[in-house]
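One chain, chain A, appears in both complexes that follow, with chain B as partner in the first and chain C in the second.
What follows is the complex of A and B.
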């Protein structure tokens, strides 16, 4: 940009700041025409509104907000004359934006937002929400949008929002943001305050904004500025590093909990019976389909409680898949305990059968899940670290499963039997334990755990008939590494494999990470074939 | 006793699990067409639909009296997303069933494995996917677009003033030939535009990869670095697409922060996702379901009616580009066979020159005698709240395909 132009702009901005709010009214017809125009006109209209928003009357802002919302939600129709607000996208008639009269929308064009226009409209909607939002939550949401593109928001908007704000916490946030917006202010003191304000809410973007100031002439000329910038940058880089560390930890933990969920049932089945259950992935898939069934039942019977379906699905998925597991054991596997290779082939056949059964009865498409608020989105915790709810759900779910399974294994008669049979089947039988019954119940427990994994995975992965095949290799890796039959070993191995994957991935890529982890496991098993935690048994 | 039970159970399971590779042919006096689309494995949800579309097109042609006085009979198969099996089934269809043409393959790997088979047997393969180009065989009709007429216009759009003025690029792909070739060409293209090498990053994930947390973190830190607007060029395939999108939205990154250009993203990939948070991300294809025009309305209605009449296990109101391309393929073949007055491959091939077909996208497809590529229009779509794409931009006409990229 040419220097005289910049000076002129700065003058204009100053003039805007000093002149008291003259409240020039919004040219509503022109604004509507802009939003109905081509891409450039839409951007002009939305950006013009943001620039003028500091001085506009509240009803003008509300009018603009209505139009912008309709445009973003595809409820704006553009006939040859004026603009129509529709009740829903594609409605046959709508209300004229200016007169309120109802007119048919049959021949009207419904504009589609391009990316540039979308950004401008989002900013404008955020501005309107910040200035006229009925409650603090709406205004916070508006502010969050503006924060992303703070460089394009005029100071007048933030000043007006701050003056009008009644919520003390929000007022503080707006003040901080207004400070941070003054990074290129001509006043050195304000600039230093802006650096401190930017550094106070650290992120990768803040780091980039501050780092860009190193090229500023003031950096070499003004020692106070340099000191402030260096201190701010150091603070931000420290915070970003901590945030990245947290993210690695969280990613590792959440991946580990998914691995653990997938492998826990397998560890019990493999440890007890020596059966390599290749259908374990399909049991997970069945658990996810059971969850879907529960969701559909809620939708039919209790639509108001729909958000709770994930919790209600926990016992259903466990019981349903445990029953399938018991049926498989009773029909097929019990005949094959003395022939491990055959049992491996049989479970493979079961897995193929289950995939095709689901494929034929339900179809191959990804299932449509309603994502309740507690498993969708996330919350930015510190610097760039975002805690996503679906992964947190998986972590909590895995922890609960671990505790419950340990309780069953350590504190119940069934657990005692399972441990006895695992350690020495023949001796347990001699002592009168019904080993066949224990086998069946343990297989049911292991399958039920796979069903639970299905519930936990619904909010994270796509659910379709083929989803199980992705888990089987990973879970065997974890079970074998952990030491066959040891639940604690499975947990430690899951943490190890998950953490290693997450640590290696950024360095050498996802493909290499998988290979490196696999090679690592092979090398480890060479030295210690019984895995991390071997169950002691008499030979 | 146990022995018998075991064998019985295994046998039954195997029978149920593995459908016969090729549904046998029975009628006489028909001309056979073969489909190579998986209805099991990772590609089942996408490829499975194409079998039905080929049948639908064949039914329509049969309703008009068939081709050269013969009714079309469609043979379907299930290569189970297992790449070598495509070649095996393809050979069986050409040599034993004597099909007049094959319609098939989605991933470039499967096409590459069928390629030698059709060349040895002088068969004809209609390939309905947009792909990486750099290949030209007289035995393959490339019905969809090479990168010069699909990927480059979309990247140009994003780099231009109507898009976001993209300056930096994060490429994420599945680790196989299509993403690697596309990315190689893109890098050459950016080099030719004077964009420095530091402005892009390239990451690959294994097939079926789903744990995208780390990669999304990397995208975010890449985007926050200075140097201009960053975008993601996404070439992962299959179930990795929805998994990536979900993680991206959950971490709070919107299309106005970092837009994704999903090169293999179709309407069917959005099933099961909450697209409210994904609105604005882009794809590019030669057809979008939202295309305007009566021909598209008719196609959508035909498909919905077909799904209902034949009880097809796929959504009646989702139509994706490869479905339309497969439909176009059957019509192109029928037009060529009628023009040649023969079903012999050399005759049919000679008839390609000058063929044209008005397809549901609203454009007219044309073929030249120069190669087996087809001129198609280009759409850039934008994800909307209703799990579909809005048409954001479309080419004024159908660009002439450029098979070999000058940027590779």
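What follows is the complex of A and C.
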């Protein structure tokens, strides 16, 4: 075994490993020689570079990166005079790796990478890319390579990358990875510090990572480690529970907003005319399609303002769907006021017609929407709770709709008329109110609200001809529970149903949630058949 | 004013015996018997026989809804639930029977990786037990739901909405794969019916004849019922429930009884339907399908048992024909038909043949 060659190799290896400690520059010639050497030398060169990379100067890293890239892409030639970088694989001449001088590469050997060597070289390239990548995409790619072999990456590399990183998201990822690497470090103090650091930024992933450490032998052997881990874990669990609670609340609120938007129009129509509008879901769908139409118009006419299409769609969708509603009222429902069950079938026929009309004219595929910045992404607030903009948009939209509708109902002559007819149609007619006209306008208002719901849904749901049927059962439940014709009742019921759905869902599944909510509503109606907030009226 | 059917309908003025002499129902019963005899004597092509049997099953379903909607003013938008209960229990019987005879477990059991049928399938390979179970289950579900609704005076459109939610929830439930009822694929591949291979001409004919005979019996039976004192009480309840209650009748009991009967008739239709199509899946619980039942009744003519039969056969016959011939146009035709009927012919197609001699519906404020 006293092979002098082997001893020499080991010495070289040692030398390379000790280089970073003294922050010496990269021995470029040795590095190039390693890459030109046999498989063991290549691995040694690449791994040595990874170990040293945390302290190397940028130009050294760039040099190493160029060489490693050439090696991986078979553009490295190794004549006796020294490594050559070729322009393309098999080129007749290339640049000297060290001096940059052009030399012929004829007859020179081009090293080929084995499987193990390739892994080492890829890791080294990833390290270089992470540290010197010109743009975040390149650095993300480098990090992705390192992630697979995170145990072999020294902490210094990740620390340096984190400190130099300008992209916030990438910085977070690097931090997480650095913690993960530190958690499995052999140094106990460093591990404890890492536990504290991980616990300081709680998330579900951090919790899982810490929980996994309980199986570590040190947990039973080292009391200090155990105390640190238990404390960290408790802290993270608490924070994650709070964050999850916030997320449930937020989701419930956004679901309730959508329910409210879908049900508000229904409640007005039902309260006023006793008409169950089974086409309400399709009116929502029309609102979404109107939004799509506005988006396409913006794309053609004013591409620069495309991001504003959602806001521009608000009045358009309202007006378009309100017109459709008024047409339906004038053509069909007007004749059916005395026969509510027949008007139910008639609106079902309208919904069938609308779904198939859209299906035939536009197609059945989901519509593609541009997502402006104000409805995409979100801001992480606490632990795993991310406040997503699209849901916030829906919540804000619903709140605005609520305020506007209340203002219309409470503060305008039309609202006065609607309330009068809702409370006592005959008396209102005797006082000279044109009840039929009020009906028509109210139906238009209710339909328009469905159109608005369609706008709010565009950033959240998939928009297709059949989307309306998904809302109809839930929103009717809300109307029945809330009490016919009461907007506040609708709001409370929407919050209740939405909250109950979101609360029960994680425990027992989406279907069970629906079943429980339905049973709850039926039981509730045993006590109050008129719903939560019954409008008082003569019968 | 319970939000019920507001059109004036013929009150059974004379004695019950006269009311039974309903030429429309009598004609339809005769037609059913004649069709059954014709199938037995000179069988046409099997697919025609099968289509006829399916139409008869739909007609039974329509009659069951007309009984509560036309005569009690209760519009159920969830009758598909009872139809599905009958259908599912029937499918369970067919699969259990097949497994007992052939020893091969149904596909979905193997798919779920189970070693045997779930425990609650026990005994379902006996036809009589399955039959009783299907009817009892439908009756029980109807009883619980009806009791909860009628006791608290939930009626009119409220009842319709809640029944629709019920069927919708049932659909979600059946889409789950772990219920032991086939999940979203449903149940299919029935091998045997009482030991006879499924799909053989004899079985097809037998099923169609059974469906036609059942339709005749259901039609005659319900006609007798609505012509009786109970029937008159039903009409009274429909037209003014409060007054009937004030007069000392328990409208809750009346409504509950008829409601459960209607549910069991619907289950009967499901039992007859499933072996004829050879499959059941949660699609039969889609709210749309339950609304369609109401559409058949409305198109045929509400509150005339014969009208329900005519509506069911007409709409489904058209559907069989058109959804194959021009699938794109069928929904438009159906919606147009519904709008035409509710706007122009408030009492359904029976108006066309001038069946209703009293023209009160034209003045028909209520």
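Just so it is clear, the second predicted complex is superposed on the first by the 344 of 539 C-alpha atoms of A that agree within 3 Å, B and C clash if a C-alpha of one lies under 4 Å from a C-alpha of the other, contacts with A are read in each partner's own complex, and residues count from 1 in each chain.
Definition applied: contacts are C-beta pairs under 8 Å (C-beta built on N, C-alpha and C of every residue); 3 or more make two chains touch, one makes a residue touch a chain.
The shown structure was predicted, so the numbers you read here are calculated from the model rather than taken from an experiment.
Annotation for the three-chain superposition on chain A: chain B and chain C clash. Within the superposed three-chain model, A:514 lies in touch with chain B and with chain C [touch as defined at top]. Contacts of A:335 after superposition on the shared chain: both chain B and chain C are touched. Of the two partner chains placed by the overlay, chain B and chain C both lie in contact with A:350. Applying the stated contact rule after C-alpha superposition, one finds that A:60 touches neither chain B nor chain C. Of the two partner chains placed by the overlay, only chain C lies in contact with A:274; chain B stays clear of it.
Contacts of A:165 after superposition: neither chain B nor chain C is touched. In the superposition on chain A, the chain among chain B and chain C reaching more residues of chain A is B.
Counting contacts by the rule stated earlier, residues 332, 335-336, 342, 345-346, 349-350, 352-353, 355-357, 360, 469, 510-511, 514 of chain A appear in both its interface with chain B and its interface with chain C. Here chain A touches chain C in the complex through residues 270, 274, 276, 278, 332, 335-336, 338-346, 348-350, 352-353, 355-357, 360, 469, 472-473, 476-477, 479-480, 510-511, 514-515, 518, 521-523, 525-527, 529, 539, going by the rule given at the top.
By the touch criterion stated above, chain C contacts chain A in their complex at residues 1, 3-7, 69, 75, 77, 145, 148-149, 151-154, 156-158, 160-162, 164-166, 168-169, 172-173, 175-176, 287-288, 291, 294-295, 298, 328, 331-332, 334-336, 338-339, 342-343, 346, 364-366.
By the touch criterion stated above, chain A contacts chain B in their complex at residues 39, 73-74, 89, 112-116, 118-119, 122, 148, 203-205, 207-208, 211-212, 244, 247-248, 251, 254-255, 258, 331-332, 335-336, 342, 345-346, 349-350, 352-353, 355-357, 359-360, 363-369, 371, 376-378, 380, 384, 386, 388-391, 460-467, 469-470, 501-502, 505-506, 509-511, 514. Taken in their complex, chain B has these residues touching chain A: 2, 5-6, 9-10, 13-14, 16-19, 39-42, 44-45, 48, 158, 161-165, 175, 203-206, 208-211, 213-215, 217-218, 220-221, 224-226, 239, 242-243, 246-247, 249-252, 254-257, 259, 268, 271-272, 274, 277, 279-280, 282, 313-315, 382, 384-386, 390-393.
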